[in-house]
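Per-chain residue numbering starts at 1, and chain names A, B, C and D are given in the order in which the chains are listed.
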Amino acid sequence: MEEYLTDQLKTQEYFLNMGPQHPATHGVLRLLLKLDGEIIRNVDMDLGYIHRSIEKMCERDTYKQIIHLTDRLDYLSSHINNEAVCLLVEKALNIEVTDRIKVIRTMMDELTRISSHVLWWGVMGMDIGALTTFMYGFREREMINDIFEETCGARLTMNYNVIGGLRYDLHENFVKRVKDFIKHFKKKLPEYDKLLSNNVIFRKRLEGIGYISKEDAVAYGLNGPTARGSGVSCDIRKIHPYSAYDRVDFEEITFPEGDSYARYKVRIQEMHQSLSILEQLVDKIPEGEYKVKTKAVIKLPEGDYLQRVESARGDFGVYVKSDGQKFPYRVKFRSPGFANLTALNKMSEGLKIADLVAILSTIDIVVPDIDR
Amino acid sequence: MILNIFTDIHNKLLEHMSGGAAHITELILIAAAYLGIFAILGLLLVWLERRVAGFFQLRLGPNRVGPFGLFQTIADALKLVSKELTGTVKADSMLYRTAPYFVITTALMALSLIPFSHEIQAFDINIGVFFLISVSSVGVLGIFLAGWASNNKYSLIGGMRTGIQMISYELSVGMAIVTMTVLAGTLQISEIIEIQKDGWLIWKGHIPAIIAFMIFMIAGTAESNRTPFDLVEAESELGAGFHTEYSGMNFAYYFLAEFVNMFIIASVAVILFFGGWLSPFGITDTIPFAGLFWFTVKVIGVIFIFMWFRWTFPRFRIDQLLTLEWKYLLPVNMVNIVLMALIVWLGLTL
Amino acid sequence: MNNTDIKNKIENKFSELTISGEDKEFLTIEIPKNSLKKLLSFLKNDEELKFDYLFALTGIDFGEELGVIYHLESTKTRKTIQITVKTNDRNKPEIETIHDIFPAAYFNEIEAHEFFGIKFKGHPDLKHLFLPENWDKGYPMRKDYTDINMLIR
Amino acid sequence: MSYFSDIINGTKTLLTGMRITGKYFFVNLFTRKDVITRQYPDNIDTLKMFDRYRGEVIMLHNENNEHKCDACTLCEKACPNGSIEVIGDKKINPETGKNVRFLVKHIYHLEMCTMCGLCIEACPQNAIAWGQNYHNTAYDRSKLTKVLNKPGSKIVPGLKG
């Protein structure tokens, strides 16, 4: 009977071009879906719609000039990307920065992480269909952006880190603003749970969807919150602590379920952790220099250098091969989003279009980061 | 006292011309009036939606054009009118062009049944509620055809989703209405309202009526393709769904019809559960046209709940949509009808 | 387990490679391309080392030679290791694919192929991922690539 | 009886969500207290950017229309995008008799600038600084190419030039 049915009821597979202009692809990502009805058989991707070849551009820039290019990679964690390059150069030249610099960098990192996660939360709701969350997310993000703008001079492409320290000292309002933000966000974060996390429709949309096992997550090179949703412990802040992360107390959030909802929970919990880091540091910003004296022309000794940081999306890495010149010989930006995206096909097999949108949301891609 | 302005007009016309001519003039007059109501309703509701959405989302909404931004939607409509009508090359052009008219025609037909007050009801047929359900199920065709004829895969998926969704939720809407007609004992809309003079049906039918109301609200949201049931045009998945390929006025037809449909669903809820144009406790029932005020207030109340849903909830997935209907709403509905019948039979109504 | 232990362990097993950087943050291995796959599967599957996380796959143009740099991390010891393979042939560079060992390499290899022209033997679909489908102007990340639109100081 | 408890718990979560949005709705309806958007062109008079805001590069002039730039081209060299062109010339200073550089034109391409700030850091004289202008739109790309030194301006006397 079943054979008869499958013989008679033939369905035709077809292709659907999702993107480059599509609301769910968060920019200009093109997905080629092979569909059977609404069920996804295969996801193929086409990237490069905003490829700027930043790696090649870095080969003609000095180390100081590279930093501002990293703003344009993952624009939602630009501060963390800046820091990666600065840390790499400081490590290579054995520049020891002051405690003040370390603490400020850590605080900025965490503010960046919160602002990125808050934006992700808003957009996540929007992808699932709850349009209101977007504005609620932006309310918090706006406060952080104001903090950034006042201290760093820009809201998104902060470019605040320089080799050997920071561009400016903290603005006098910084501490007050951060304290205000902590107070505000502590009140609003439970609302996120009430509005979205516990919502029965939302949970049904995410639970059990986009499963990826721990082994697969490692094999596909997943990182950041996406991998931690599968129970992989991969927080660079814990594994290879940098800046002031070795002196603050925070937990690495992992959930073993491996589905979209686990990834969602990881990010929500990470916001709580970031908030606690901020609380620990805000009253203890040490006095000191905000910038260490460096040479005017920075040349890295010949060799290979690698610096990894935990950006909002995961394991961001900078690899530099230097030949002793003032320009790097080869720079590689290891993009967390690119690695996460490679597992998309695996995650979305046999699911529906609506699920693909949810998965894309939970792996939290930023297309400039993928295209580089 | 005026009984019904439409009968008045009919009689006035008969005084001046012969029967046939009077009839045709009356038809044209009323049709024009209802087209006007359709447009005004649509535009007002779009404005209301945007304004309400603004407040939900910590914004202000349109507030620049006219007082409270009231003319914003008119400006938008003018813009849409002036826009080019585009289409896909290989679209089935006949169906593609006619599809929007299915939607507005049915919306208009359903609108003619709505009693705005005691005096304003164009078409009071004795199978009113039944007519309303059957007419509104034709409207689906317009959406379905749009999805099919556009020759766009996103539209097609949207159209197919409509088919599934409408067939399923039509049931729940119908059953919820049946539950209430068991209580009311009539299908004629004016009579249903008349019965409620000594108490609204949601009060009279207490438990089963409240359950029926909840089901009606859920299914009604689905009927009007609104979040959380807006899979048909789910913008994060399908771009715009069935009307991806429509532009200019053709798009505006769908857009307005969607809001008018919401108005119709809300009106039906008000008629069946909250006594239509009746004032609470009969305080203003003797004043002519006071019903219009109460009807509007009640309908806006129900519409606000629809909007509240829309700006709070995430969207369902297609299989969850069907699960909700066939596994939850339908069985509950079945039991509810029996319960209602028992209550009416045993005389337990309040 | 420190770098010296790892070095000894690898050197016991493989003789044709050169290891340096014991005192540095991570070991740097240079290996001929025909034993690359053997080394990588050893590194991944060895219970003590367990270098199972492909952190990055970087194509690189050494001027004369083309090469690929693999950065692996062990999820057990949290040590990083850098492996370099080189190929002399600039016209038809070929390196074996490792996407069957590390699925993460699949798209990274496509990227390296696009920008450096390195053919990964055994890779099923070396399509254009970042560049346009009809791209035929060579390999942009190579050092000898010139483009009139490029901003050069 | 998970069927019924599912319905009840599910409805509860939905109502909690509605309470949150409903609260904001009514607060905004009556008081506008939680409205977070700013009414942009209306508040244009009161809108002030932060001091460190990086809007565009400007050259500082004092009240005598004098700047500090001696056309050393360090900013041009520091710029990663080539958005600064310094056109200088040499002339003999009548007082000292030395051959010195002076600035003819400091051309700034705003359309290419990424606001990285390296030029301002590189400037030994602090002749250029950040301007807080945020209204940088133009209908023509060429309008974004600016000459930073004002017409007729000279270098502050006493400086090298």
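The rule is short, and it goes like this: a contact is a pair of C-beta atoms (placed from the backbone, for glycine too) under 8 Å apart; a residue touches a chain by one contact, two chains touch by 3 or more.
All figures in this text were calculated on a predicted structure; none of them were measured in a lab.
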{"item": "Which of A-B and B-D has more C-beta pairs touching across its chains", "value": "A-B"}
{"item": "Most distant chain from subunit B, judged by the mean position of its C-alpha atoms", "value": "C"}
{"item": "Centre-to-centre distance between subunit B and subunit A (centres being mean Cα positions), rounded to whole Å", "value": "44"}
{"item": "Chain centre separation in whole Å, for subunit D relative to subunit B (CA means)", "value": "51"}
{"item": "Geometric centre distance via CA averages, subunit C-subunit A, whole Å", "value": "25"}
{"item": "Centre-of-Cα separation between subunit D and subunit C, whole angstrom", "value": "42"}
{"item": "Where subunit D touches two or more other chains at once, by residue number", "value": "14, 17, 20-21, 36"}
{"item": "Numbers and ranges of subunit B residues touching at least 2 other chains", "value": "56, 58-59, 311-313"}
{"item": "Residues within subunit A bordering two or more other chains", "value": "132, 135, 139, 195-196, 199, 201"}
{"item": "Subunit D-facing residues of subunit B, complex", "value": "52, 54-56, 58-60, 308-309, 311-313, 328"}
{"item": "Residues of subunit A that touch subunit C when the two form their complex", "value": "45-48, 51, 53, 55-57, 60, 216, 218-221, 232-234, 239-240, 303-304, 306, 308, 315, 317, 319, 321, 330, 332, 334, 338-339, 341-342, 371"}
{"item": "Subunit A partner contacts - residues on subunit B that touch it in the complex", "value": "53, 56-59, 153-154, 157, 227-228, 230-231, 234-239, 311-320"}
{"item": "For the subunit D and subunit B complex, residues of the former touching the latter", "value": "7, 14, 17-18, 20-22, 24-25, 28-29, 32, 34-37, 39"}
{"item": "Residues on subunit D engaged by subunit A in the complex (per definition of touch)", "value": "9-11, 13-14, 16-17, 19-21, 36, 49-50, 52-54, 78, 80, 114-118, 121, 130"}
